[in-house]
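Take a look at these structures.
Next, two complexes with subunit A in common: one pairs it with subunit B, the other with subunit C.
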Partner chain A sequence: MFDEKGQLHTLEGVASATILLMVMIYAIDATSMTPLTASTSSLRVESELQTLGQDIFNVLDYSEANYTSKLKYDIINWNGTEYIYDGSKYVEVGNATSQNNLNNNLTNILSSTLVKQGIAHKVELTYLINSNNKTVPYTGSIIYAGAPSNNAVIVSRKIVLQDTDNVAATIPDIDPSSNLFNIVDIRLVMWRM
Partner chain B sequence: MVIIIIMKIHGFRFTDLKIIHRIQGQDRSRKGTGFIGSERGQLAVDYIAGMSIFLLTAAFVFQFMYGLFAPFQSYSDEVTLAAEKSSTVLVERLLVADKSGSRSTVDEGKLNYFMNTRLNYSNRTEYDSALRDLGLLSNEIIFDVNVSVSHTNSTLFNRSGIKNPNGPVLLENLETGTSKRFVLIVNSSTGYNETVYISVRVW
Partner chain C sequence: MDFGKNTDAQFMLLAGFIIGTGLVITTVMLNSLLFEGNMAVEAGNELSKDEIANLIMITQDEIRKAYKNSTDPGQNVSLKFNNFSNQMQNFSSNLSKIYAMYGESINVSWDIERWKSNQYANFTENGMAGGRPDWSVVEGVNASSVSIFRFTNTTFSITGFRIEARNSSNYTVWSGEFNSSGYKITNTTGTSYGNVSGQSIDLNSTSYYFKQSIPPGPVSLYFINGNNAYGKFQIQGTANGRTFYRERHFIINSTLSYYTSRLRANFTIPFSVPW
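After this line comes the complex of A and B, so read on.
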């Protein structure tokens, strides 16, 4: 009833709790968070991906005077099919056995950059369509790779198509009365698996 | 863990029987003095002092352990920022192909001149002027830079006598910031063009 030793135990408790706390803080601080740590948004990785993505579009969109850029050429000749990377080439979604693989300027660059670095990627096109007397944006997918992670980085480039570009039938002419054919927003979504 | 176990052992030394006896002795001596109410909650001053010293020691040890690993911790923020800034200046201003309209297009002649002449470390005047142009040398900051150009399959770009990589030799034990740009090298007179990586390393 009148035992007063409890006070000592309290201080010992405080001491051990402090030590435990310091150990926990030390252990957490010492553990490094890698770019692949789940649900970790690493700004450094995102910034690198963004620079790389913009560089890819810059390189693809370069053209000598009076020539069509590689990026524009690929968009003009896109046949509307969706492709997926199977580990060695870009095959048709749902029809992997067919030999209609996507092999153009875009896939050449992506194979030598993103694929080599193990960066998952998808490519989407948003262009305008006329629907019920309204012009609305429509998004089609060229390269599909599932749902991106929360840390995905998107880079995009707008390409203006003219009637004289002889665009394949996939993308419609939104204004037949003028030389404007369509405006395409090509998006490259990249993320670390 | 060994340190924690040692601390635990030290902790118990402070609470050995001698101290407890002293506390109990004080309590006994006070019982006759007529203090009102309970006397629980009072501790010997030397016990509190001992415990404080112990806790301070433990805190100091943990603080010191951080310092022990400091040389191996990354402080690369500054060098990485410098590398990113200088690679942007290099690719988008110093080497950019005239009238290309693209920010990642590099002129082959400018690249050769920059790599062979301006990054020539044995000519400190040229090298320092290149550092100033890259924003890596001023009254406040001094960095060193090493630039390399490589193909997408990681082999070194080796065309028309380019000195690649160039700049001072990378140091092994120093934190280095790296920035990599994917660019198109063009030569408008020959029509040559090729995609390469330009890596800028700053320390």
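After this line comes the complex of A and C, so read on.
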């Protein structure tokens, strides 16, 4: 009745359970870092990616007076096709054997920055279309790379197109009454694999 | 003593272990609490400096394009203000649809009163009377390639406005000083004076020795005391192997209003046109 063994066994059980729980938490934390896992270190990674992405757009979107920026030039000449990186070049989605690879200012800088650092990326373009007498945003994909991770970083740049820019047929003229052609929002989504 | 039945030491060890584990868990939880508590909640929804710069840049581009489209040769002069406002109105309404995707609202307004009343821009860096008076207009210019170097509708104060062409050693190889009574040209061969006839000055004409007296090699063109002059200027030529354009007529103020559920910002910026 007054034996302390039961109390001792209970405490020992609690201690054992705590040790087991801590070991399990440690083991799970140590082994389950997948591309989709959020972690405290991702804050720094996200900040770095944000800066890198903005720098890419800053470089591409600079132009002297009366000149077209490299980024705008690429958007003007985009033919609506979606591309994917195959390990060496950006090939057409669903038609990898085609020789119509994407090779422009954007892919040149992506190849020398994000690809070299193993950073997964996709590029989307949102522009306005007239639908049922309303002007609404429409999003198309220029470079596809699957679903991004939870820690993906998005940087965007808005660019205004004019009638005089001779835009390829993919993007419509939303305002034929004036020289304004369309407004596009190009988004670069980046994440660490 | 019965060492076989005494469990006091075992209890003490266990208690120590449990207290230690409890302290570790408490510290980790407290650390998490402090970390989360100091996180900037929804900081990502605020307008970043890059987004502000992008918004200003596209507004500037659109104002300049709208001005150019409405004043290009062949356009109806009497409709230039209406055409400009129509294009800007379309820009503002469509831009708000793009920003709406992010839960943000944007409104662009503009003031063309200076343009309507022919109040030309100052020759300061930003075109305003209080702008930086001494500034570099263009660098790396091949002086012999300058095809247009013209001032029109200009007014100079009595204290004068100066243009300098400096070589790569920052030595002034040519300068022109203009004030309300005339001009003074200084170059490597000497100094000459003259009167400004009318309100138009073509620095490419022989009177000003601009092309004739600048030795080969790139020069930078500087405006000095730009607050002492206003009017239109136009410079065109080759700099660093590329054609450059510098032209300014008026200043158009634009106010950008940006709203989210948590933030409201208004900023007014002077934009020079056409470039």
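Here is the rule we go by: the second predicted complex is superposed on the first by the 152 of 193 C-alpha atoms of A that agree within 3 Å, B and C clash if a C-alpha of one lies under 4 Å from a C-alpha of the other, contacts with A are read in each partner's own complex, and residues count from 1 in each chain.
Everything that follows uses one rule, which is that contacts are C-beta pairs under 8 Å (C-beta built on N, C-alpha and C of every residue); 3 or more make two chains touch, one makes a residue touch a chain.
Values in this document were obtained by computation on a predicted structure and should not be read as measured data.
In the superposition on chain A, A:E64 makes contact with both subunit B and subunit C.
By the touch criterion stated above, A:V23 is placed in contact with subunit B alone, subunit C being left untouched. Of the two partner chains placed around the shared chain by superposition, neither subunit B nor subunit C is touched by A:N79. When the two structures are aligned on the shared chain, A:L52 is found in touch with subunit B, with no touch to subunit C.
Within the superposed three-chain model, A:I109 lies in touch with subunit B and out of touch with subunit C [touch as defined at top]. By the touch criterion defined above, A:T126 reaches subunit C but does not reach subunit B. Shared-chain residue A:R44: touches subunit B; no touch with subunit C. When the two complexes are overlaid on their common chain A, residue A:L11 makes contact with subunit B and with subunit C alike. Where the contact sets of subunit A with subunit B and with subunit C meet, they give residues 4-5, 8, 11-12, 15, 18, 22, 54, 58, 61, 64.
For subunit C in complex with subunit A, the touching residues are 7, 10-11, 14-15, 17-18, 21, 35, 50, 54-55, 57-58, 61-62, 65-66, 69, 83, 86-87, 90-91, 94-95, 97-98, 100-101, 242, 244-246, 275. Interface of subunit A with subunit B (complex): residues 2, 4-5, 7-8, 11-12, 15-16, 18-19, 22-23, 25-26, 29-30, 44, 47-48, 51-52, 54-56, 58-59, 61-62, 64, 109, 112-113, 116. Across the complex, subunit C is touched by residues 4-5, 8, 11-12, 14-15, 18, 22, 40, 54, 57-58, 61, 64-66, 126, 128, 135-137, 155, 157-160, 162, 174-175, 177-180, 182-183, 185 of subunit A. Interface of subunit B with subunit A (complex): residues 4, 7-8, 11, 15, 20, 23-24, 27, 39-43, 47-48, 51, 54-55, 58-59, 62, 65-66, 69, 80, 84, 100-105, 152-153, 179-184, 186, 188, 195.
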